[in-house]
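Both of the next two complexes hold subunit A, though its partner changes from subunit B to subunit C.
Moving on to the complex of A and B:
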């Protein structure tokens, strides 16, 4: 089941993705003011939603990890943080590409852009602390993840609180049915891909913990652990 | 009522009729501008789409490499346990 679910998600995403492309480029009308470039909306916005969802998941899992010292929550937190970096980078690149075409400027330092950039930096710090931090640094990393999750409402309400070049949050709600029909497949394809990668990464993190414990047991039994493969090893609670 | 007779499509080029040179130039400029905007828009879309799926692909490859390393470590551990 642990292996089948990510494969099923990736398979479903591979089936939905061509439908999404066809709907976006062939079936959806061209937006009146922005023209063809508005079609970036159909994957920029779902990716931003997924990024915010994963940031909240990471923050909640980090909170559970701090409170209950749960290895599973810790694994979810690490996996979600890495995916926040992936999806966040996608948002931070596709947004300026869209801005360049519509506003004439890729980066306008508006509140939503800055708060999204800040979110990405917080989770980059989290991942760096997890990879290179000393023993005990997982608690500091968890605090960073909680801090990052608090940035999510700031991103959402940035367009309401401050004067920004970003469209308001009501845009998605006021979309005509033909545009929603293009948004749904894109959202589902990206969500399924993200969830599949999340599940795979969680499983790998749990395997890492199990392997570490197995090597320690073997050491106690008199054998020696060989040099690990090159690459950063995430700090674990019992490191 | 009989249907109006339709002129069969011609293979020859037809000259523009009933339009002065200024209007023709204006129409051509508008068409050219619209075509340039659409081409630029598609270029931006291809870049944006490419970036997203490249990022997912790169992360997927990283996970696959990590999984391969783990499989080697598990095999090593099993070998040591069996000896």
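Moving on to the complex of A and C:
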């Protein structure tokens, strides 16, 4: 099941993705004001939602890791953080492309852009601490992930609290049915891909921990085994 | 020492209320004693105060040299950045050293096994960091006022400036102390402190930055930004206090070989 589920997710995503691309570029009408560049919306928005979801998953898993020392939670936290980096990179690339075409400026330092950039930086710091931190730094990384998860509501409410150039959160609700028909397949395909990658990375991390434990067990067994006493030198033929 | 507890008028004070209030007061008293002890030790050798103040002065001179040609109209845009970048640099230096004494003399372990609330250790260290940051900010603010004409509102509105600097440094100290403690207890590399510290303190520094700009330009939005900065401070301290014990001590570990084996692989 552990191996089948990611493959099934990836297979389903591989089937849905071409349908999604066809719907976006051929079936959905071109938006009046923004033109063809609006098509990037169907990739930018799902990636942003998945990034926020994964950041929350990472924060919750990190909280469980801190409270219970659960290696499964730790593995989920690591995998989700790495995927936040990947999806966040997608958001931070597609967003400025769209912004450049519609606002005339790729980066306006608006509150939602800054809070999203901040989320990406926090999870980049998380990955750096996990890779280069000494023993015990996994607790520091977990605390970082919790701060990262706290940033998610800030991203969501940024357009309500501060004056921003970003569209409001109500835009998704007011989309016509034809746009939703293109958004759903893109969201499902990207979500399935992310879940498959998450499961694969979790499994890799758990295998890594098991290998580490086996290594230490082997090492301890070697350390406790008494060294063989130096025996008599083997006799040579001349003696 | 006897402590009188008064409940709200008409409301019965339950035993658990009394215990909670007493625990809170005990934690605060312990935090105060620990902070006084740290400040007393600091007053004896002046290590942190002198190094951080000198560093602030050096950063100020570098900023003065770099931006001396800036026109008066552009200065209100640049001065807030100079102030808070200086605080960020000095803060990283201070936080890198704040647990060094405990680490060098192995007193952190003694502090952890002593009958002291963990949150008291956090509050005490954050307070000492805040005191040193405020001292360094004083140097920076005075220097900027002397070097840049656009920074005159700092001198004209001293109470507003004091509130702004206090709020900005508090959030920095709140978040920074948590991670400095974590690095001290995990025998971590101090280079990671900057990696962690800057992304996490960025929101409070951003609020402080826009609040400073509105102070220099005389906008009414100054108090709004100050309020948002205060909210960030509360969040930083609540999350910092909540996470301090798990980050510093962790939970009783099952037998795990991760870190040890990972070290060997490298």
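By definition in this document, the second predicted complex is superposed on the first by the 222 of 239 C-alpha atoms of A that agree within 3 Å, B and C clash if a C-alpha of one lies under 4 Å from a C-alpha of the other, contacts with A are read in each partner's own complex, and residues count from 1 in each chain.
Here, a contact is a pair of C-beta atoms (placed from the backbone, for glycine too) under 8 Å apart; a residue touches a chain by one contact, two chains touch by 3 or more.
Computed from a prediction, not measured in an experiment: that's the story for all the values here.
After overlaying the two complexes on the shared chain, residue contacts for A:197 are found with subunit B alone; subunit C is out of touch. In the superposition on chain A, no contact is made by A:56 with either subunit B or subunit C. Contacts of A:101 after superposition: subunit B is touched, whereas subunit C is not reached. Residue contacts after overlaying the shared chain place A:215 against subunit B and subunit C alike.
Once the two complexes are laid over each other on the shared chain, residue contacts for A:188 go to neither subunit B nor subunit C. Legend: residue contacts after superposition of the two complexes on their common chain; A:44 is shown touching subunit B, with no touch to subunit C.
When both complexes are overlaid on chain A, the residue A:93 reaches subunit B alone and has no touch with subunit C. Looking at the shared chain after the overlay, A:82 reaches subunit B, while subunit C stays out of its contact range.
Residue contacts after overlaying the shared chain place A:207 against subunit B, while subunit C stays out of touching range. When the two complexes are superposed on chain A, the residues of subunit A that touch both subunit B and subunit C are 211, 215. Residues 37-38, 40-42, 44-45, 47-49, 51-52, 55-56, 59-60, 63, 66-67, 69-70, 72-74, 76-77, 80-81 of subunit B are the ones that touch subunit A when the two sit in their complex. Residues 66-69, 71, 114-115, 118, 121-122, 124-125, 128-129, 132-140, 142-144, 146-147, 150, 154, 209, 211-213, 215-217 of subunit A are the ones touching subunit C in the complex. Contact residues on subunit C toward subunit A in their complex (touch as defined above): 175, 178-179, 182-183, 185-189, 192, 195-196, 198-200, 202-203, 206, 235, 239, 243, 246-247, 250-264.
Within the complex, the subunit A residues that touch subunit B are 35-37, 39-40, 43-44, 47, 82-83, 86-87, 89-90, 93-94, 97-98, 100-101, 190, 193, 197, 200-201, 204, 207-208, 211, 214-215, 218, 223, 226, 228-229, 231.
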